[in-house]
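The structures come next, written out as structure tokens.
Across the two complexes that follow, chain A remains constant while its partner is chain B and subsequently chain C.
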Partner chain A sequence: MLILQDVTIATEGKEILNNVNLEFGPGIHFIVGPNGAGKSTLAHAIMSNPKYDITGGMKYNDTQLDELATWERAQLGIFLSFQNPTPIEGMSNFRLIKEAMNMGTTSSIMDKLNGFRGLAKELNLPEGWDKKELNVQASGGEKKKNELIQMKMLDPSVAILDEPDSGLDVDAINSLIEQLSDFNNKDKTIIIVSHYEKLLKSFEPSTVTVVANGTTTQTTDISVVTKVLADGFKDFA
Partner chain B sequence: MDIKRLANAMDADTGLAQEYQTVGDVQIDSDGIRNDYYLSKVKTWRPRWQDYGHLFKQRNMVGDVTMGEDRPLGLELSNKSTKAKPTKVCYTANPGGGKNLIPVYIEVTPFSNILLEEDFHNDADVKIHKIVYVLREGSTLNIKRNINVSGTHNTVQIIESDIVQHPGSNLYITTKSNKQNYLQDLYFVEALQDTVTDIQGRYDIKDDNSVHVVTDIDHIGTNCSSNVDVRSVTDDKSKFTFSGNLTVRKEAEGADAHLKNRNLQLVDTTTVITEPKLDICTKEIACTHGCTVSSIDEEQLYLLNTRGIDSNNAKQLLTEAFLNG
Partner chain C sequence: MNDLYPEGFVTPVESEDFEPGLTRDIVLKLSALKEEPQWLTEFRLKAFDHLQTIKEPTWSIVNYKPIDYQGMRFYSAPKFTEEGDIPQDVLDTFEKLGVPLHERDALLGLAPKVAVDVVFDSVSIATTFQAELAEHGIIFCSISEAVKNHPELVKKYLGSVISYRDNYFATLNSAVFSDGTFCYIPKGVRCPLELNTYFRINARNTGQFERTLIVADDDSFVSYLEGCTAPAYSENTLHAAVVELITLDSAEIKYSTVQNWYPGDENGVGGVLNFVTKRGICKGDNSKISWTQVETGSAVTWKYPSCILRGDNSVGEFYSVAVTKHKQQADTGTKMIHVGKNTRSTIISKGISSGDSVNTYRGLVQIGKNAHNSRNYTECDSLMLNNSQALTLPTVSQYNSTSVVEHEASAGKLNEEALYYLQCKGLSEEDAINCLVTGFCKSVFQELPLEFAAEANKLLSVTLEGAVG
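This part shows the complex of A and B:
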């Protein structure tokens, strides 16, 4: 269970969200909200992005997260899929996986590489994707698929996906839904930030969080999704 | 069969032990060239000074080492096959040689395709390698240069490369360097006509080491293309300077010239100086240049952190990626 208690997030002296109280247990959770409301900020705050000043408490199972650095939270099993991941020239897609999984020179590398190539093929990424530079000269859709591969390879307990559908074509959206369904099991917590109707209608979430007006509202009433898709966010302003 | 160098003349305990190390196909030192007798593609000779001496003017920053009229060591490389098998050359500074400068003349015969793997070994102090490469018509020379100087001395190393590119020739140089105390790596290229020049330099500098790189590309005739991409990573109290000179003469129409120098400063106690100098004398060209000095990208660091990689490892990976890119 991931718990945020009285969290306030600010950057450069400007408060973005306050009084954030959220709980994410196993299952699928949606985060929705108007543009610029702070959905991505919330996702990054859970990973302790150094860009933000964060106060309040965060806890994952029995571990207090507040003093943990980003990489320590990741090692606990929390994963963030970026909306627009940064390119790194000179580092291949598979090299990142290899380092993240701390494989060294073990014989399992070939198994992992084959697993990586299999996922890339399933997602219709070009041959040789493992050797391509990370997020360099890749389309928006390719970057999103790459994030999905990383999630599946690293197999986290909590996956936060920041607009995983943006830049994807219809076939790729179907593939994303398939991959997420495959990834989802009783132990996983999947938090999806999205505006996309098809994606939101493809899963039955445990909770829906609306980010608006500088704070968050979490509910288990999933009819909120239908309401928001029909009427927008004016009732939350 | 590989050339072997005597690594230890005498073992201190036994008085015996003559240990040899493999150095590659060709070893060049101040006394001469030794090459694999069976290596038909490599021919050695002593070029006449009056024919080649003019190519050996010195342009390094030391300037107090005179060459006299020592005849340069000559190496002729030829290979007509489209796939070049690597020729390994080891430049060796021997102790007691009494010479600070090793002049070498390397000629690639017309339409040859050569892959040269260069290595440097110092068993003596200050050494200047003055290497003249002449690429004849239609030839291709691919140099993979490793300046991670081995041997007992790594104090001063100056490598001056003077390259003459005849019409239709192609030159590709990839240099890697990461452990010498002092290095001047200098490239002077004369591009005559319809040539391709590509120089990629990667320098990883630590402690209080000091590396200085000069590239000087002279577009003399028409339709020459050149690309220079030099990168450095400086750490501790190290120093790096880059001077990139690009000349496009009035007659050199159709030139396509690109000059790039990127520097990654890991800490602010290092010194980086970068200076592009362009002298363009004609309008019918495409030319770009860019020099940057930056620190570790915080967004990239954060991305690696979110994948569970701690900051020290992430910085090391980003440094490696910067030099690989």
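This part shows the complex of A and C:
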């Protein structure tokens, strides 16, 4: 269970979200909201992006997260798929997996590489994807698919996906839904930030969080999804 | 023992030393000990006499305490056993350093198959795979051996690229060089093995002055790599080497260096003064010389591996990664002297600095008036990890209108967003920094022979450990 308690997020002295009280247990969770409301900010705050000043409490199972660095949170099993993955020159797609899986796994490097290549193939990525430079000279869609490969390979307990659909074509959206369904099991917590109808309609979420007007509202009443897809967010403004 | 410099140990070994001091007698004694021919003794003496008339260069951006040449030894060699064998301690030293001294290990696949010449203080103590190389007509031996067995080649080429009057340290080396590596690749031969010289300084307060001479005859190719380490002494140790390369028509020499001399401690105490003159001449048409260097060690580095592109269509390359931390100082770069027509040169220099270190790129691209249609491309990138200094000092002189010189430069800090991205995927801050720095160096590392690229990566991470904070 990932818990945010009375969290406030600010940057450069300007408050973006306050009074954030959220709970994410096993299952699928949606985060929706108008553009610029702070959905990505919330996702990055959970990872403790250094550009945000965060107060309040965050807890994952029995671990208090507040003092933990980004990588320590990641190593606890919290994963963030980026909306705009950062280009890393001179580092290959597979090297990241190798480095990130360095600890705590017993599978051989060959197993990892084969797993990686299998996923790249399923996602229709070009031959030799493992050797391509990470998020350099890749299309928006390819970068998104690569984030998905990372999620499958690193196998986190909590996966936060920040607009995993943007940049993907129809076929790729179908693969995304397939991969997410495959990843989804009773132990996983999957938090999806999106406003894409097809994606939202493909899953039955445990909760829906609306980010609007400088704060968040979480509900288990999933009819909210249908409502905002039809009418937008004006009722939350 | 310093964890960050595991090579900093001292081997207890009985040695044969000269008394300290730099005199004409010392030069004569060295020449006599090596039973050198008259012409070489004269070469040394001319250099010694010239040395008395010149001073150390002062134009580089490095500071060090005055070198006490009279308090330093110019020769130290391990004593061989009564049976004439190399002392076990010396063999163990190279074992510990991972230098493959046994051909057997390479044949069993336990070590990369490379021919190695190892130099311990002032002497070359062993050279492997000589017989196999000789089958191809390749000469690979210590320079002392070459003087004895191939005097005509040594006489013809020694000092032909770097005159004994070139600069203070080259002059000093010409007077007192004690050993080094000689290599000759005959016409039409592609050297089947990587050739490797490993330099180890062990004795305290003793300078190392080695000389490397590589000649690649018409249509030949050789890839050569040198590595080096030294104990962590609290005084400076002087290392003043001279390396000369010669390529004849359509020949190619690929020369790689992984320089890991003791850098001194975090307060700048001790460390090697690495004052080296390296130059190659592309004498023949269509020939090529490529320098690749990974410089992580030494308290002070002063070196500019250069190419004189005399043959038409000849090619010079310089790929460099120089890493400095704590109080290290590096003033390094290259000179590309275009003389022949259609000559091309490429310079890729990556400087990484941290702590209070100073990292300077100094380069000269000179396109002569007859070097028509020549091209140079230069790229200098600096990465500063904290308060360190990075300087880029390029000089271009172009004397014809048909040639093109391009220069690109960048200087910056580590990309914070990239660091954050990698940490979000579970890499610790240190691993993330490592990955970014390795990525920054990739275009240079990929020029290294495969066997050594991994080692260079490892060396880089060890060097950076504790350098950022």
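To be clear about the criterion, the second predicted complex is superposed on the first by the 232 of 237 C-alpha atoms of A that agree within 3 Å, B and C clash if a C-alpha of one lies under 4 Å from a C-alpha of the other, contacts with A are read in each partner's own complex, and residues count from 1 in each chain.
Note that in this section a contact is a pair of C-beta atoms (placed from the backbone, for glycine too) under 8 Å apart; a residue touches a chain by one contact, two chains touch by 3 or more.
Nothing here was measured: the structure is a model prediction, and the numbers come from that model.
Steric overlap between chain B and chain C is present once the structures are superposed on chain A. In the superposed model, A:Ile177 lies in contact with neither chain B nor chain C. Looking at the shared chain after the overlay, A:Thr86 reaches both chain B and chain C.
In the superposition on chain A, A:Ala100 makes contact with both chain B and chain C.
When both complexes are overlaid on chain A, the residue A:Asn49 reaches chain B and chain C alike. By the touch criterion defined above, A:Ala74 reaches both chain B and chain C.
Chain A uses residues 47, 49-50, 69-71, 74-75, 79-80, 82, 85-86, 88-91, 95-96, 99-100, 102, 150, 154 to touch chain B in one structure and chain C in the other.
Here chain C touches chain A in the complex through residues 415-418, 420-429, 431-432, 435-436, 438-443, going by the rule given at the top.
For chain A in complex with chain C, the touching residues are 47, 49-50, 69-71, 74-75, 79-80, 82, 85-91, 95-96, 99-100, 102, 150, 154. Of all the residues in chain B, the ones that touch chain A in their complex are 297-300, 302-311, 313-314, 317-318, 320-325. Every residue of chain A that touches chain B in the complex is listed here, in rising order: 47, 49-50, 69-71, 74-75, 79-80, 82, 85-86, 88-91, 95-96, 99-100, 102, 133, 150, 154.
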